[in-house]
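One structure below.
Naming follows writing order (A, B, C and D), and every chain is counted from residue 1.
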Amino acid sequence: MIRISTIDIVRTSLGGTGKLLPVAILITCAFAAFWLFPYDLGFLTQMLIMMVFVVSFDLILGYAGVATLGHAAMYGCGAYAAGLFAIHASPDPLLGLAVGAVIGALIAFFSGLLLMRAHGLSLLMLSIAITMVLQEIASKARDVTGGADGLTGISMTPILGVFEFDFIGKTAFWYAFSVLFIILVVLRVLVASPFGLALRGIKDSPSRMRAIGTPVYWRKVTAYVIGGTIAGIAGALSAQITSLVSVEAFNFALSADVMVMLILGGAGRLYGALIGTLVFMTVRHVAASIDPFNWLFVIGFMLLAVVFFLPDGLISLPRRVAGMIGARK
Amino acid sequence: MTVALSIVVDGIAYGMILFMISVGLSVTMGLMRIVNLAHGGFALLGGACAHVLTMRYGMPFVPALAASVIAVIVIAIPLERLVYRHIYRFSELEQVLATIGIVFVMIATVNLFLGSTLLTIRMPPEVSLPVNLGFKVLPLHRIIVIVVGLLMVTGLYLLVERTRFGIYLRAAVDNQNTAASLGIDTPKVYLAAFALGAGLAAVGGILGAELLPIEAYYPLRYMVLFLTVVTVGGMGSIVGSFIAALSLGILDTAGRYLLPDVGTIFFFLAIIALLALRPNGLLVRPS
Amino acid sequence: MRRLCAGLLATAIATFALGGAALAETIKVGVIATFSGPNAIWGKQFKEAIQVYVAQHGNEVNGNTIEFIYKDVGGPNPDASKAAAQELLIREGVKYLAGFDFTPNALAVAPLINQAKVPAIIFNAATSAINKQSKYFVRTSFTLWQVAVPAAQWAAKNGAKKVVTAVSDYNPGIDAETAFGSAFEQQGGTIVEKIRMPLQTTDFAPFMQRIKNSGADTVFAFLPAGPATFAFTKAYSENGLKEAGIGFIGTGETDETTIDALGEQAIGLTTAYHYSDVHTSDLNRAFAAKLGELFPKSRANMASMGAYDGAHLIYKMIELAGTDGDKAIEAAKGLSWESPRGPVSIDPTSRHVVQNVYIRRVERDGGRLVNREFDLVKSVPDLGFDR
Amino acid sequence: MTSGLRIRNLSKNFGGLQVARNITLDIPTGARAALIGPNGAGKTTFANLIIGALQPSSGSIHLDGKDISQLGEAARVRAGIAKTFQITNLFKDLSVRDNIRLPILEREHRTFRFLERHDGDAAIEAEVEELLADFRLLPLANRLVRSLAYGQQRLVELALTLSLKPRILILDEPAAGVPSSDSHLIVDAIKRLPTYLSVLIIEHDMKLVFEVASRIIVLVNGAVLVEGTPEEISRDLRVRELYLGAGHG
């Protein structure tokens, strides 16, 4: 089976009517979810935040090919930054997001200077270690962060002074969706840009990129900073919507989950990140509520099934099915 | 002076346990080059098996240890034939997903049959006795672990460096086609190496259970620890893992003695510094 | 089918927010806890204790049927806890929330229960400050202050002069350290050293050395029950601390769900705590018998008792105030009853359970290890609330 | 001032091992030079010294009179030195067109632009299409490189390198691994290379070397053994011994 170049897919979808199709699907899905599951807005909002987070990791792992296990570093810092900003400076949500983004970017920049020189296992371990250090600092700075009890006292003013965070979580849902939407649009532009092409070149062959004169290291640091910015935004969203930040925001398990969700959906495709998050979180939520003691079986077998039968992730499922039907004719 | 001595002795004893629990991963991940996140799963299966044998059936410790290791190898062989064989060819990321899937299934299985509480392994009461070394009191089992660890690293070193199996294995990992053309039965070599890795994981799980008690979520709880030892040791080097385990043990112990308040931060900062300077591990020179 | 228009939804919420219907109805109680993952034991203990309570007392109060709905949050996860609370309040229309194993999970629902005026009964989360975040929180478990202060008083009275505290370096540990230290010094004792051990510690040998070197006669320890406690008590017995004459006093380290795993090394450990499953009273025997009948493999612990008394408190609140959250909270204040753990009451200010704290020693009892009570400090409130 | 590449006394040691010895060489603009030598003669090391993947222990390299000895790999690419890889090193999960487009974008300093489309510049697109046409790759332009036959991949390798508009082009065994039935494709492509370009071919295949090179340099043990026209080289006894003695034709 010949693989279709992603760029071609992007090009066709951007040209003419195809340009609006994914956008339309996305908005339709959001409305459908909002109407069909009015009681699950809290869970859906969590999922949207996680999608922002996973998409940010897609830029780093899926596009630039940099595998880290410490993406929670930027998420956690973004969350604490937004939380502390809300408590001590201004309860405006959008300003808080900006603060989360800046802190995410700064952490990504300084850790990226070190991380982007490393490779393979060493890179994984370094990223884990950095996150561990940050978690330990958050846990020890009890006076500032509340330590293991969590950072409390975050309350937000209405978004743009108009949309108040309501009890059912409608505002939170649309807020998170809007942020995700804007980030997806930005990332779509980014991955179709010369910079995006260069990132995919780096993933394919860093040595060749050097041979054509690219400062590979700085391109990777840049990608890491962009990913970190978005991860910081995801963390800030979670802090604002939950009104609480806990040290679990730095958890190793969170970084690992993000990687699993991304590969599950299909790394290197923005919509793969969305689908992976959707499927993983839904299956976990449903399986854990049906049988909390044995739900891990379901997740485990699902991961194995995907990796064995859909190596390009869930996003390749339609194409696979089409291929099988085509082959049968 | 006594503090320094205490740090070294406690550090070596702890490091030896770190070596025990991660040596299986040095084989599967270090030598065979599979991102084997399911390593802790085999340790868990071994520990759970030893728990059932010693606690439910009252089997003495040593035969239970042997039986559990054999049981894990017996589980590992069909698993290799059916599942891992395909995983070797996967990209690293697919290996992550696949082995995480396997470890989830292992955890769920243990959870189903034995629940999620601590699964203790009964040892002869004598091994818990404190032994007075003159300058320091050390539990007997730590001394046993130190001896077993030394035997293990020597044995593995000889196995990998000096036997035909070791040469075959390194050749097969290096270039499967060339190895095959030399008449090496690479599938069999892989199977043997994998079974060895799983068996060692089980030994480590059981002997290390004194510090890292077995429970269903063991593989996830200590994943970072296993990865740390193998990364610092450097891929493909048993001796590297050994030295890394001892160094980390001493480092961690020193942190807990001297800077208890910031011990964890100190430990991870040290690892960051180490990996920044020696990205390929302690024994491998930066290329 | 499940399509609902937003208007209807808003009405539904308005109705339940006003609450307080006098007619016989089904009153739902949402239990938020950890039922999956490494901490699933919490949810399991909660659920089983509630089922025991229901089996003993039926599921009706004043003709209203009580229905418990369980929601898993998979561990300390405030995001999931808040989402679960939203779902329970909106979809299920629960009139009471309960559960809460971890402090952040409880804190995350504070804004929601303030808005919805729904009481939330905390079965475990033990940070004193939680109850300050909402007047709808009531707690049936314990706080570290509540058990650590009696531990210090008992130790001082029983010959301890110099104590070293060794606690896990996180909020509950710090609470325990402060509570024990201040109470012990008040009694005229000396704290010779305060050791804070990182949560990730797996090898406690270095700390044992420090404890020995500190010259203390007793060590006061606090660690989360599970692998950490296992390794700590093991290190305590194997590094010759007992032989060196250093006594041990703790709190919840010898929890019933992990005590058998600790094995022989645990025998003789002294702890101050509010519940032991071998507490001698008819109520406790009845509770244990029912639990054994329904769940033969299970063993009651403090989480069971938090949930059992929590269920009792919810029944009482419904009996006295129906579904009116504000009235229910008022009704809960000052309530007292005889629990399997002994006499308890709800302190009107802190909305926290006042209870006896027992001094126990680990003993072998047939095939299992138990916390045998041999002394007690009566009617201890949450001593940390005003700090 | 000579135009082209001027190498003086270039040496490289790895510990005690000398892998390049005092190499002095000129490759003037428009030259078609070939570097031959037995396995382990240091050909690849020499190529790596020129492109800056290795730093010399001593000696100098000048390009059009400018000293480039101290520049890194990326800077030398910008100065005009490019090399194809012995084992094709392409962007396998990108299309052929993107493989050509990426180096041009890089050459034009555009890969740090985030907000424009990578295929949005008409001039660059025209250049891409021209190169594709030159190398007869147009029919394959949308295929992923991964799916191409090896000979086709070598053509992409050449086109990719050429898209950097180098002044000095180093071809490291351009026909390695290509079945002999397809090697004429490579020879044709090399013959069609623009004349402003200096080409240095590192090759085993003597047939190919004699077909395209106007000067041949023989490297043995890291040092230049002899340098001359193809005729001179084919007559040289030492070279004949080296190659014929070893049984090569």
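Odds and ends about this structure:
One rule holds for everything that comes next: a contact is a pair of C-beta atoms (placed from the backbone, for glycine too) under 8 Å apart; a residue touches a chain by one contact, two chains touch by 3 or more.
Note that the coordinates shown come from a computational prediction; the quantities given were computed from them, not determined experimentally.
Note on connectivity: the fewest chain-to-chain touch steps from chain C to chain D number 2. Most remote chain with respect to chain D, judged by CA-atom centres, is C.
Chain centres here are Cα means. That of chain A falls 42 Å from that of chain D. Taking the mean of the C-alpha atoms as each chain's centre, chain A and chain B sit 32 Å apart. Centroids built from CA atoms put chain C at 36 Å from chain B. Residues of chain A in contact with at least two other chains: 136, 140, 293, 295-296.
Listed for chain B are residues 220, 261, 264, each touching two or more other chains.
Those residues of chain C in touch with two or more other chains are numbered 40, 169, 198-199. Taken together, the chains touch in the following pairs: A-B, A-C, A-D, B-C. For chain B in complex with chain C, the touching residues are 6-7, 10, 13-14, 17, 115-120, 122, 125, 128-130, 132, 137-139, 141, 210-213, 215-217, 220-222, 225, 249, 252-253, 256-257, 260-261, 263-264. On chain B, the positions that touch chain A within their shared complex are 29, 83, 86, 90, 92-94, 96-98, 100-105, 107-109, 111-112, 220, 223-224, 227-228, 230-232, 235, 261-262, 264-265, 268-269, 271-272, 275-276, 279-281. Residues 2-3, 5, 7-8, 11, 189-190, 192-198, 200-201, 203-205, 207-215, 219, 222 of chain A touch chain D in their complex.
Taken together, the chain A residues at the contact with chain C in this complex read 35-43, 45-46, 49, 136, 139-140, 142, 146-150, 152, 155, 167-170, 238, 241-246, 248, 288-289, 292-293, 295-296.
For chain C in complex with chain A, the touching residues are 2-4, 6, 9, 13, 35-36, 40, 43, 71-72, 74-80, 82-87, 89-91, 103-104, 107-108, 110-112, 115-116, 127, 129, 133, 169-172, 174, 198-199.
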